[in-house]
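Labels for the chains are A, B, C, D, E, F, G and H, by order of writing; each one numbers its residues from 1.
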Amino acid sequence: MDEKHLRKLLQEFKVGRKDAEAVLAELKSLPYRDLGFARLDTHRALRCGFPEVIYAPGKTDEHLRALVKEIRRDHPEKFLVTRLEAKRAARLRKKISGLTYFPEARLLTGKISEPASKNYIMVISAGTADFPVAREAEITAKVMGSRVKTLYDVGVAGIHRLLDSVETIQKATCLVAVAGMEGALPSVVAGIAGRPVIGVPTSVGYGVSFAGLTPLLTMLNSCSSNVAVVNIDNGFGAGFMAHLINTAR
Amino acid sequence: MDEKHLRKLLQEFKVGRKDAEAVLAELKSLPYRDLGFARLDTHRALRCGFPEVIYAPGKTDEHLRALVKEIRRDHPEKFLVTRLEAKRAARLRKKISGLTYFPEARLLTGKISEPASKNYIMVISAGTADFPVAREAEITAKVMGSRVKTLYDVGVAGIHRLLDSVETIQKATCLVAVAGMEGALPSVVAGIAGRPVIGVPTSVGYGVSFAGLTPLLTMLNSCSSNVAVVNIDNGFGAGFMAHLINTAR
Amino acid sequence: MDEKHLRKLLQEFKVGRKDAEAVLAELKSLPYRDLGFARLDTHRALRCGFPEVIYAPGKTDEHLRALVKEIRRDHPEKFLVTRLEAKRAARLRKKISGLTYFPEARLLTGKISEPASKNYIMVISAGTADFPVAREAEITAKVMGSRVKTLYDVGVAGIHRLLDSVETIQKATCLVAVAGMEGALPSVVAGIAGRPVIGVPTSVGYGVSFAGLTPLLTMLNSCSSNVAVVNIDNGFGAGFMAHLINTAR
Amino acid sequence: MDEKHLRKLLQEFKVGRKDAEAVLAELKSLPYRDLGFARLDTHRALRCGFPEVIYAPGKTDEHLRALVKEIRRDHPEKFLVTRLEAKRAARLRKKISGLTYFPEARLLTGKISEPASKNYIMVISAGTADFPVAREAEITAKVMGSRVKTLYDVGVAGIHRLLDSVETIQKATCLVAVAGMEGALPSVVAGIAGRPVIGVPTSVGYGVSFAGLTPLLTMLNSCSSNVAVVNIDNGFGAGFMAHLINTAR
Amino acid sequence: MDEKHLRKLLQEFKVGRKDAEAVLAELKSLPYRDLGFARLDTHRALRCGFPEVIYAPGKTDEHLRALVKEIRRDHPEKFLVTRLEAKRAARLRKKISGLTYFPEARLLTGKISEPASKNYIMVISAGTADFPVAREAEITAKVMGSRVKTLYDVGVAGIHRLLDSVETIQKATCLVAVAGMEGALPSVVAGIAGRPVIGVPTSVGYGVSFAGLTPLLTMLNSCSSNVAVVNIDNGFGAGFMAHLINTAR
Amino acid sequence: MDEKHLRKLLQEFKVGRKDAEAVLAELKSLPYRDLGFARLDTHRALRCGFPEVIYAPGKTDEHLRALVKEIRRDHPEKFLVTRLEAKRAARLRKKISGLTYFPEARLLTGKISEPASKNYIMVISAGTADFPVAREAEITAKVMGSRVKTLYDVGVAGIHRLLDSVETIQKATCLVAVAGMEGALPSVVAGIAGRPVIGVPTSVGYGVSFAGLTPLLTMLNSCSSNVAVVNIDNGFGAGFMAHLINTAR
Amino acid sequence: MDEKHLRKLLQEFKVGRKDAEAVLAELKSLPYRDLGFARLDTHRALRCGFPEVIYAPGKTDEHLRALVKEIRRDHPEKFLVTRLEAKRAARLRKKISGLTYFPEARLLTGKISEPASKNYIMVISAGTADFPVAREAEITAKVMGSRVKTLYDVGVAGIHRLLDSVETIQKATCLVAVAGMEGALPSVVAGIAGRPVIGVPTSVGYGVSFAGLTPLLTMLNSCSSNVAVVNIDNGFGAGFMAHLINTAR
Amino acid sequence: MDEKHLRKLLQEFKVGRKDAEAVLAELKSLPYRDLGFARLDTHRALRCGFPEVIYAPGKTDEHLRALVKEIRRDHPEKFLVTRLEAKRAARLRKKISGLTYFPEARLLTGKISEPASKNYIMVISAGTADFPVAREAEITAKVMGSRVKTLYDVGVAGIHRLLDSVETIQKATCLVAVAGMEGALPSVVAGIAGRPVIGVPTSVGYGVSFAGLTPLLTMLNSCSSNVAVVNIDNGFGAGFMAHLINTAR
């Protein structure tokens, strides 16, 4: 609903092509579709370059199916369902064709195209247990349209494994650093890289890792200035942010 | 210390222009300068595009002066001292000429040049009390070389003040949203904008705002996917991140 | 046990219609009924306009049945059992007739009458997952006797969905705003409305939403002055409060 | 900016009394006044029945003076400055006449008129140290236009002091219960009263009262259903809510 | 190992009835019995008037059986196993005769004798869900040898139920007040009673009751001076303390 | 207001010695005195055996003076003002004669008499910095009328200092154990003693002692069953409880 | 990659035995082996004297098998898998021979040799429920090659059980003290011993033991200076540290 | 009070050189000296190899002086006063000669001798602001008798500054790693070193560094197994532990 559209609308009203009621309706009509159980924000693709992402937990199979169909009407391939358990994905794929599912990342999407740009995001993770969250960031960014390189299992207790890839790290447009336990990886990565690092704390650990709170606090206190942080286990958000940073305006 | 330099070094050794001891020394020589009381990371400008930023608290006047001089040797104008109290800034400016000080932002720098690109960062803040932190983000990004637009005092209790600027918000390359108390601003801004938003919680508030913890948690839980967060009152970090995002590779 | 009653009692004693023992007994007799396993506060309907509400968790089926029967003796239709699981509700309805059960809200009641007044409460929720709590508030207020309008799935990440209903919001006597994750909805709603808003944080979210603690803190820090808050997931309490506010003295 | 106004605007445009630019401007013009250092929400009196309340901390004397003058232009008597220290109030009253200051409540206002309605709010506090917060609630509600009765220093350790006033409690339209330390007062008051109770935790106490966190948690867990809670020491918010509840639509 | 015993030992050594090795051994022999998997503190009955109490969780059935037998050798009836699940109790009672089990209190003991003294402990609880913890305190004190009176389901939301028993409360030697949710009961009870009150917070509640943390904090902040507190759900500890207080030296 | 009094009152009414109004007034008259700024609970001495204790913080000198005078009217010697700073005590003692002040304990009282009973409380503290809190417990119990023995500076890092006094510990009627830092003292003391131990955590320590929270948690988790706990630094409460325990009914 | 190796490499390059590419490759080659799903830090045995320890949770059976085989190639007997459930251990031992499993400690290793040195570590635990964690420390230190003595079930509530072993405690090279609940054991042990004590908090307890947080805080606040602490339930880490301390350089 | 001494004592008693009273007295006499205000643990030098360390806060100048003199009677040079402010140190040094004061470390001692052994401790710190705590560890270890090497200002944001000293790190007997903010340094150091690392979190930082809580949690969650942790800012404890580790039995 931009200014240009508004001018046109006013013009149509003036010349009588639309009456007052019609204009009022349009001025009020909001860019979402009411599905009864949900209000789908159809305007988001215009605003954000990607349709509304569906967060699976707490939705019935039926609602999920309806939402996927509704979104695919406008965006047959570029869509995303997050935190979808394997069993539910299987049920959904029986009913709807053309869906791709990534089990570790718990993501459902259409198909992923080869990105045009050579610019790439680098997703780095600390331990093998952080893999699912790192993978969620990786696949999200790919679905959005970014090129992604990965470097997994390079925790700071054996810093040389990270130092081996300094050059690839330094050439990335943007980085995602995923770590549980003490969460020190983003600081070290950001010290090496000269580009933005999105830190993703994971709930991997025990005792005073407090289900990810400790790595979250660690990352927020980073002595490197080029680190910003998302919620615990939020691989999706990190991949989304990284894609936006990777695709310069 | 890149590969090219290493090849050259090896070549000089082979042809006898440098002996083993010299090569060893250089291979080991690390890109920092030991000032006795501190190890200045002189390599950072190469790695990150900006020399090491000086965090003023806990440093003596004398050390501060030495560090500023040392950095200005290589970077006469592009440098930054953060969280510097007005009194200390005044003392420093008596000893060293050519320094600019921004009192609300508590930043000391050289001079700020007009940015070449039309791309801009938008810094938005919720209340008048959030101004110093927003200002710190704004000045930091300007010193780094970015164009910045601002929209201050537009808290969510009067959402229409924010909606008035939708267009400017939607055209920014990147946004910084600064808020204390309930910290809802970044979510709302990110819902409107289609670009990355860096949330900065501030310690403004009382009672269960817990000196900024509550807005921090709010921002990390944002239902908008394009939000990442920095530490409480860390306007500098947000401005730094925003600048990196604004300057596409 | 008001003053009028006391005067009458004293008079009866003086004229000999009641002896000292009888008066003492009555002065001491407290307005509750001891069921052995519980002390039913039968006086509450007089004090609060609604009989004691039964909180189901931790009570045996047998005790629940006894309590429902006991309350229905005085209030055949106006009663409420909260947090009752579907299975237990089914077992109860086999034994006692005339009960209505709302599965999402987990509420059991008698029947809901059409309210006399045109005044209405508005219940607004942020996401689809907040529905059960919002529904609990809605049904509670209806059972109490209030008219209720609802607006569900209008989170702040797509603020236009909320703005579409500004007029209905502004005409409500009182509002209930239900939100998990960052919990920003009540602030925004309260900024639009000129009437009291009861914020209900929900345990919807993950990571640092801390099972509802974060939206709770957000709501308590609201920069809008017309927000008060109830416990996490306490849709019942919010509906109860809203009904009391809706029914002016 | 209601529908009626919009229809009139469109009509004026159609008949040529206003051109497209003027209509666009008006459609966009937002109901706030930009004072440079702040955006005054002038529309709030229409929305909420009371002009924007000024929170004094973090504002310069000069800005405070400007804001007070600006608001008094439209509302010479009905306005409120909160958390204003006595010294600052004195300085302000030297520059602007017709101001009333309440030192314990730290409130500045115009003058308080006798309320028309017999309905009253009851403000109850637990200890002598809770007085300033209770007083802030009391004065706020009076400034808004409500009748207020008070009952101070009636903590639950001597419950008979509270029971003495049962009748007055039960006749109030709405109650504010202020308590620090263990914060049990609102539960007990709400058990007696049949109307909404706004609980206000105070930072009075030591050790594990955690500057008001404990009474806050206590109140949120109240076993009485007619309690909602505001932030620690937020007497203003409680008085504001109570006034809205007291003045039925 | 008191002074008298020591003198005797020294004497026996001097007159040659015991040699140096024997004295050394006895001086070192500590009053516990090493069962291999545990070190039973057999001296405790002398020190504390009751043998070591067995905390069941984390012990195998076999170990439990051995410990019960070992203790019963010296104390056939006065012993206690706490937090014992019903199934385990049943298995144990198949192997060992003469055991009494209290299912709600999860306590296993020998038999409870009629106490000699008329002095009594009063155990008071707030809600029906607090019953198991209150019962644990009640049975513990009875097993120890105290007379106990109870008053259950008298939460502060209906304060008149408590006031009905003022006299019995005021005649108790010591009181145990058990409450979850907001935990206000001990303060009110202590305000009425003139004797020590042991507060027991329970994990009954939801949301910000934090599994009993909130009532714990409430009780520690009690404005009544005659309240001390034990761990969440620690009915056993409260009953134990109450018994010690009830039995004057 | 006991039953006997009630019978007498009714009788007087019947025989016409008192009319209905007088009886009503008396039935309602509550046992406190309204001083305007406070409601003095004059009934407490009957209920608890000691008049209301005055908590000094947050009270003006004038109010404090009035309260002390009011209480001394009925109890010339047995009264207590807590947390009174030395300067305020000095000012008070200039205006009122016959007051004794204990500077470390910050307590003001009348005079302390020699206790009749040989039963004694033992107050034990861990470090020299815990002295003020231990002293507050000691003086409080003495003012109440108990005999007190003390054992200060016997922290668990040198356990032999504690073991030296085993006999005196074991003969006490009741014990108060005061400790900051790790707060292990009450557990060890309770293991030695067979009587009730009141644990008092202090705010002595740094880092993760969290101003007394850590020793508080330690004490609540005591593996000794005969420990109950009061708020951080609450020496007064501990002394009060100990006195009640020491004076058997 | 030490200096000597570097000199040799440079020499080989100079005399032409290796070309620039080979030298570059070697300079960059990092001492780990990429197994696809993990990067095994093969260099660690050189750095730390023990190969990389495998943390079992979150790894598939297949990956675990591969990792064990890979490590055993270089270290047939000296290796360790931690937190391995009994069922998984059984499956693994079916596929690979020569493995020893300790069920309580949940450790898998090769075989444990008799240590050469007479120096010993002492592992002490407070309660029977702390046994698994103490056992994990014990076995870890033995696998590493240390002699270990143990003293289990000697909690501070019966301090004499600990005092019985003073001499053995004082002769240990290093001590591990394991405790849940109030966690006071390390302080007392450290007060007796003159050597380093590693405190291990366990998650044994309930209520405000907060799954081990309370004993952790207790130990960090120890008034004994010779205590350092590891994460909750981290018996492995404590055993590892103790072994390093026991084996003097 | 060892076995040998006990045998001798018994012998003297048998042969009549000592009578029963004398033996009893000696058996009871505990190895501390009661100074009235404190119980000096004179036995500690025997137990721990170093006399009791004096923690200055909360002690009067007079008491401090007495304690220093008392300890120096037995240990003229080997003693330590911690956390002593410069002003107090100056006053003390006016009264007692032969004292050395280290202002940043806030330590007072006698004189530091050259250590005999070549074994050394390495103290490493992250930022310039961590210097005082690192220095406290350094001086403590030196006073105890250890050789110490230092590496200051080598935070993980510029990891190459640390890597420069790999060899010195790897040859240390034991390491102390001091860091505030995100506290990642000990993990990285421990990954490089093969010896025990004592992590010391500092209160350096702002926002969610929570005065050192975040680096503390980071260090406790270290993915390196050779890290144990002491309290926030506890440089003394770390230096003490490091010295004990450095001096093999």
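Here is the rule we go by: a contact is a pair of C-beta atoms (placed from the backbone, for glycine too) under 8 Å apart; a residue touches a chain by one contact, two chains touch by 3 or more.
Being a predicted model, the structure only gives us computed values, none of them experimental.
S.K.: Identify the chains adjacent to both chain C and chain G in the sense defined at the top.
M.R.: The common neighbours are A, B, E, F.
S.K.: What is the set of chains touching both chain B and chain D?
M.R.: A, C
S.K.: When the Cα trace of chain C is superposed on that of chain H, what is the rotation angle, expressed as a multiple of 5 degrees?
M.R.: Here the rotation carrying chain C onto chain H measures out at 180 degrees.
S.K.: Distance from the CA centroid of chain D to that of chain F, rounded to the nearest Å?
M.R.: Once rounded, the distance between the two centres reads 39 Å.
S.K.: Averaged over CA atoms, how far is the centre of chain A from the centre of chain B? Could you give it in whole Å?
M.R.: The mean C-alpha positions of chain A and chain B differ by 25 Å.
S.K.: Listing for chain F: what residues touch at least two other chains?
M.R.: 3, 157-158, 163, 191-192, 207-209, 213, 216, 220-221, 231
S.K.: Of all possible chain pairs, which ones touch?
M.R.: According to the stated criterion, the contacting chain pairs are A-B, A-C, A-D, A-G, A-H, B-C, B-D, B-G, B-H, C-D, C-E, C-F, D-E, D-F, E-F, E-G, E-H, F-G, F-H, G-H.
S.K.: Would you tell me which residues of chain C are touching chain E in their complex?
M.R.: Going through chain C, the ones touching chain E are 28, 30-32, 37-39, 41, 43-44, 52, 57-59, 63, 201, 203, 212-213, 216, 231-234.
S.K.: Would you tell me which residues of chain E are touching chain C in their complex?
M.R.: Residue list for chain E touching chain C: 128-129, 152-154, 157-158, 160-161, 163-164, 204, 206-209.
S.K.: Name, in rising order, each residue of chain G that touches chain F in their complex.
M.R.: Counting only chain G, the residues touching chain F are 126-127, 155-159, 163, 181-184, 187-188, 190-192, 205, 207-210, 213-215, 217-224.
S.K.: Which bits of chain F are touching chain C when the two form their complex?
M.R.: So the residues of chain F in touch with chain C come to 3, 6-7, 10-11, 13-14, 20, 23-24, 27.
S.K.: Chain G touches which residues of chain H in the complex?
M.R.: Contact set of chain H toward chain G: 2-3, 47-49, 53, 119, 167, 170, 173, 191-196, 198, 216, 220-221, 225-231, 236-238, 240-241, 244-245, 248-249.
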